[in-house]
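Please find the structures below.
Across the two complexes that follow, subunit A remains constant while its partner is subunit B and subsequently subunit C.
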Partner chain A sequence: MWFLFPALLINLLIILIPALLTVAMAFVSWDGTSDPVFAGFDNFRAMFADPVFSSALLNNVKWTALFLTVPIIMGLVAASLLLMVRKGRTFFQIVYFLPAIIATVVIARVWQGMIYNPDGGLIGWLHIFGFHLDDPLAHPSTALLAVASVDLWHWWGFMAVIFFAAFRQVDRAQIEAARLDGAGYFQLMRYILLPAIRPTIVLMMIMTVIWSFLAFDFVYVLTQGGPAFSSEVLSTLSYRYAFYNFTMGPAAAVALVISLFGLVATIFYVRVQQQELES
Partner chain B sequence: MKSRAVVVKSCVTASRRMALICAMLSVLVPATATSAFAGDPISLWYQRGATPDQQRILQKDLVDPFNAANPGSPLTLDVRAGGSGDKQIRMAVLAGRGPDLVMTPGPSYALPLIESGHLLPLDAYIQKYHLDQRILAPALKAGIYKGHIYVLPRTFETMVLYYNKTLFEKNGWQPPKTLADLNKLAAAMQAKGITPFSVGNGDWRDANEWHVTVVLNHFAGPDNVYKALKGELPWTAPVFQQAIGLLNDWYQKGWFGKDYFSLTSDQQALRLAKGEAGMAPNGTFSFDFMTKAFAQTGQELGVVALPSLRDGVPYPTYEIGIGSTLSINKSSSNPDAAAAFLNYLYSDAFYDKISKDWPGDWNLPLTSVDATKLEKNVSPLFANTVTSFSKGVRDGNYGYTTWTYWPPATEDYLIRGIEQVWLGKITVNQYLQTMQDTFAKELKDGKVPPLPPR
Partner chain C sequence: MNHAISRGTLTITYVILALGAVVALFPLALMVVSALKTSAEIVADPLSLPHVPQWINFARAWRDAEMARSLLNSVKVTGLTVVLICATGSMAAYALARQKVRGSRWIAVYFLATTTLPIQLYLFPLYFGFAKLNLVDSIFATSLIYTAIYSPFSIFLLRTYFLAIPVEIEEAAIMDGATRWQVFSRVTLPLVSPGLLTVAVIAGMNTWNEFLISTTFLQGHAVQTAVVRFYSMGGQYSSDWGEIMAAALIIVAPMVAFFLVMQRRFIEGMASGSVKG
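Then we have the complex of A and B:
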């Protein structure tokens, strides 16, 4: 048991104490400099009364729905194709994984300036040929999707590499037997590969839920939640409360809401794990 | 730093090899370290971000001359990213650490640091170096808190109207002085397919507040803005409704073009320089962008004061912007050296250098600013703009920029909420009501920066 202590100590110092302080901060009125004053549930009332909070929460739900489907499907398809390819497999893995290792600020600026921009980007270039597309970051109806698309491009390759590693653990005998029985690609996926890597898929989906509610960097760099709060998410809202408005209480209250979703996802994962162990 | 004598003496009892090393090291100790502020080196975290060229200018004009004159307490300059530098400085100072010279984006950012006792009052240093005679009074007074001065204004900026002079001359247009002139000019421009205002917030979302600042000061008027900032007039008053309504009108009529949310600063300047747009309400801090863009196209840049948008609002009026302040950290181990740096910063010697290399952003509010002197280093256009601004302020024709005089949450809502008005999500009345509610709370909590009397 003693070998668990170093990890526990790190958890205590870096995670538990700051988490408890955040919980406490959600119940005080504090600007970060003066003395905190107990405020009861005022911060939560102010948070729920802010119309931007409900639209930010909805944006996070939309973000989660998008990331639970598109990159996972793309990752599974790409991983299954990698399984079938012998030559060039390493090359494709590198190509798929590259966006995941580039700094998010760099990716965001490249998309903002070189792709979406109507003057200097790909969209601006298409104008020359008569294709008058608008900058999707500039419209409330498309801003969130435009930001999410950048993150999707950045993220799906990571999923592909994770799923490929999982596929490689599947017993080759099962795959060969299925092929000998005449199974096609879709039957192979449905009856052999996907069931075999189900724990990995479930884990990635749960992590996706947690990470979706933590989404911050692309939104902050590309739109800062605009235009007109249309791409605001909970983490950018919390950041704004804390570092623009200097109201730490509401910022902590929003952070607790984010954590709540993460907690629900974690409990679900632990239950699934327990059920699998028991079975 | 120890003197040479002390270093050699401490090595006398060491081994021969150590003695040799000590002797070699002692050569590196300056023969004299007689600066009046000899002590710890001092630091400045430059929080606005700077391109590599700008960093070279800072090193050449700001750091090297000061260090040459003060070798005992050299300045270390640390350039931080523009979007997060102020937050890093705030966290460090609140933790009792941070740089000796504290740079903030304005008085409202410095206020919490003053109230929590993290900044030194500067009165004694101001007296010692006669800074009150060298810095314009309205700008200096923005740093007063409970009778003491804690912050000095680093940038002295205002909103002006840039315009394409070549385009104007070609079409026989005159820069506008009234709302009627502006309406007529904008209609003429749109008839020719020219966008009236080259503006955007693609790389700086806070650019929204420049336009709110313009209508509040040039339509509602500085007197009304002053009353509202003192809590004597609500932001929902009819004059402010009309002011924001006018701004919304400009947006709806297409005066801002269709790419407002995409255009970056250099793209806005280039569209103006090419004649695709006719005018650009922007800050004096953008002078550098504008001159570079016009140098590319060969057309001529013009700069005038913004028009009076309502009868009774004087022309010209210049809203005072202090986009950056400097203070001394209470935890500084060498405040005297930090004050000596401020003395150098507010000198004609430094202003001569920086106004030549980096006009616009480093416009210090010096009383000695004079068109004739300035023209030796900068374009007549910049010299005239700056001296007109200084004269306007001295004459009392000044207003208030939102980034200097508004409290933080109100300013944040002002920036983001106006987009909701432009995009039809909320009405002007709803926007101003939320602004009023937020402002009233911050006024009650003491977060509105102190306003010197008009």
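Then we have the complex of A and C:
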């Protein structure tokens, strides 16, 4: 039916065809200007031989582990507490959600200049109390965590609002009954609230895995993957291969690796969403 | 439910909730306060209030970041994207909701899958293809990329809106001799306008804030968006954080104002689309 045609055409031209070309690109040697030469699996060999690739992959795994726990727990706690109060719900929701609507580049600069900056940021202000901390973005041991913290700040409130919306669908009579039986906060969470919103939590966890392998903006703006590639993730590595080193083959190979991780999560995602589509 | 909670528990609950609010607001408050301070004041005490509000920071940010031009570019690319997404997305959503043709299920699955692909999977051939066709630095071509990336979410959101409309309304119009297009554009589309608004808000926000695509495809000074121009400010005037924060505020303010007016749409849209920035 032709109603589908415009959206589908744009999507095929912008996403599907270039994606297929990327698959082909992973098997050629190309600098972006001269003629591509078939290279077999050379790009994958080069990629695996680069020590930065394995550390970037490990950083993505760490990033995923962090985002599967911290923001989801913070979101669940905030959402469940919101459910307990009557006054101020809208206010807290707006405030928690606010960081999620602000441009990542702007957030990155605010943290870089106003929090992590030893001259003029919160870190510098702590000097008054004798804490002589350095810029955490400038040290290989702390750079990744410092970048991830910014994304965590940007992200947890969104989780809180999503989980709160889910909690509100839980049958109130069930909650009241549990309360009358003397259930405390933890029992209420364990036996009523968390089981009731399980589908939402599962969906958010799947999406978290997908997003964690796509993470780009904060790393690129805050550290460019440095210092000494310590905060490099797969997406920034791929971008660097392509637009800084002009090696399209390895860039495409890394993109395929990211897609592979995404694909596994996507299969779960499509399954979950399809149940919704059937309805 | 708070009748069942003791006063003490309620106090602790509010304290934790307020703590969350402080965490969320603190960096933003620093941005606002610092935008009004001299860089000397910021270095001397990052947490102090400005002695004299430095409104000049905004004037300098406006000039150095070429805001008149870069904000206009952001408005152009955002507006074009929103129009394209609403037009193509609503048509596709209508087709998926109403027409049970063979293969439509697979098209839906395809759209769903593209929302989870890394941009790097199609970015490089797209860039070199656009370069060959002279489409790099074209605002229209860039808005087509955003349309491709953000329309799947809008299709699924609008599809649920279309499904909620009783088919009988359309059948009555068809009986009266209306074509499929007339039914769609005159009868059904006005009924899903709340959904269209949500789609416009979310697509608009994502495009306004987006960095990776715009920094790759809109490099020329004349076509740079506000966010990309802001990014290059950091390197150029790295020590003048007052000015940088003023520029940040100029870019953020319209989005925050929009959000405060239409927070329901933002939350509904981001919850259903789950588009992470």
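What we mean here is this: the second predicted complex is superposed on the first by the 250 of 279 C-alpha atoms of A that agree within 3 Å, B and C clash if a C-alpha of one lies under 4 Å from a C-alpha of the other, contacts with A are read in each partner's own complex, and residues count from 1 in each chain.
Just so we're on the same page, a contact is a pair of C-beta atoms (placed from the backbone, for glycine too) under 8 Å apart; a residue touches a chain by one contact, two chains touch by 3 or more.
Here the structure is a predicted model, which means the values were calculated and not measured.
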Exercise. Does the subunit A-based superposition show subunit B and subunit C clashing or fitting?
Worked result: clash
Problem set entry | Touched partner set for A:119, first subunit B, second subunit C, both or neither | both
Problem set entry | Partner chain(s) touched by A:160 [first = subunit B, second = subunit C, both, neither] | second
For this session: Return first, second, both or neither, reflecting whether A:191 touches subunit B, subunit C, both chains, or no partner chain.
Result: neither
Problem set entry | Which partner reaches more residues of subunit A (counting touched residues only), subunit B or subunit C | C
Exercise. Of the two partner chains, subunit B (first) and subunit C (second), which one does A:268 touch, if any: first, second, both, or neither?
Worked result: neither
For this session: Applying the touch criterion given at the start, work out whether A:32 contacts subunit B, subunit C, both or neither, answering first, second, both or neither.
Result: both
Problem set entry | Which superposed partner A:137 touches (first subunit B, second subunit C, both, neither) | first
Problem set entry | Stretch of subunit C penetrating subunit B in the combined three-chain arrangement, among 42-50, 132-140, 186-194 or 204-212 | 132-140
Seminar exercise, completed: Both partners, subunit B and subunit C, contact subunit A at residues 32, 112-113, 117, 119-120, 243
Problem set entry | subunit A - residues contacting subunit B, complex | 31-34, 112-113, 116-120, 134-135, 137-140, 224-229, 240, 243-247
Problem set entry | Residues on subunit C engaged by subunit A in the complex (per definition of touch) | 1-2, 4-5, 9-10, 13-14, 16-17, 20-21, 23-25, 27-28, 30-31, 34, 39, 42-43, 45-47, 84, 87-89, 91-92, 94-96, 99, 101, 104-105, 107-114, 116-126, 128-129, 144-145, 147-149, 151-152, 155-156, 184, 205, 208-209, 211-212, 216, 227-228, 230-231, 234, 241, 244-245, 248, 251-252, 255-256, 259-260, 263, 266-267, 270-271, 274, 276-277
Exercise. In their shared complex, at which residues does subunit A touch subunit C?
Worked result: 1, 3-4, 6-8, 10-11, 13-19, 21-22, 25, 32, 74, 77-78, 81-86, 88, 91-107, 109-115, 117, 119-122, 124-125, 153-155, 157-158, 160-162, 165, 172, 175-176, 179-180, 203, 207, 210-211, 213-214, 216-217, 220-221, 235, 238-239, 242-243, 248, 251-252, 254-256, 258-259, 262, 265-266, 269-270, 273-274, 277
For this session: Report the residues of subunit B in contact with subunit A in the complex, numbered from low to high.
Result: 87, 90, 94, 112-113, 115-116, 118, 201-202, 205, 258-264, 267, 270-271, 408-409, 412, 416, 419-420, 422-423, 425, 445, 447
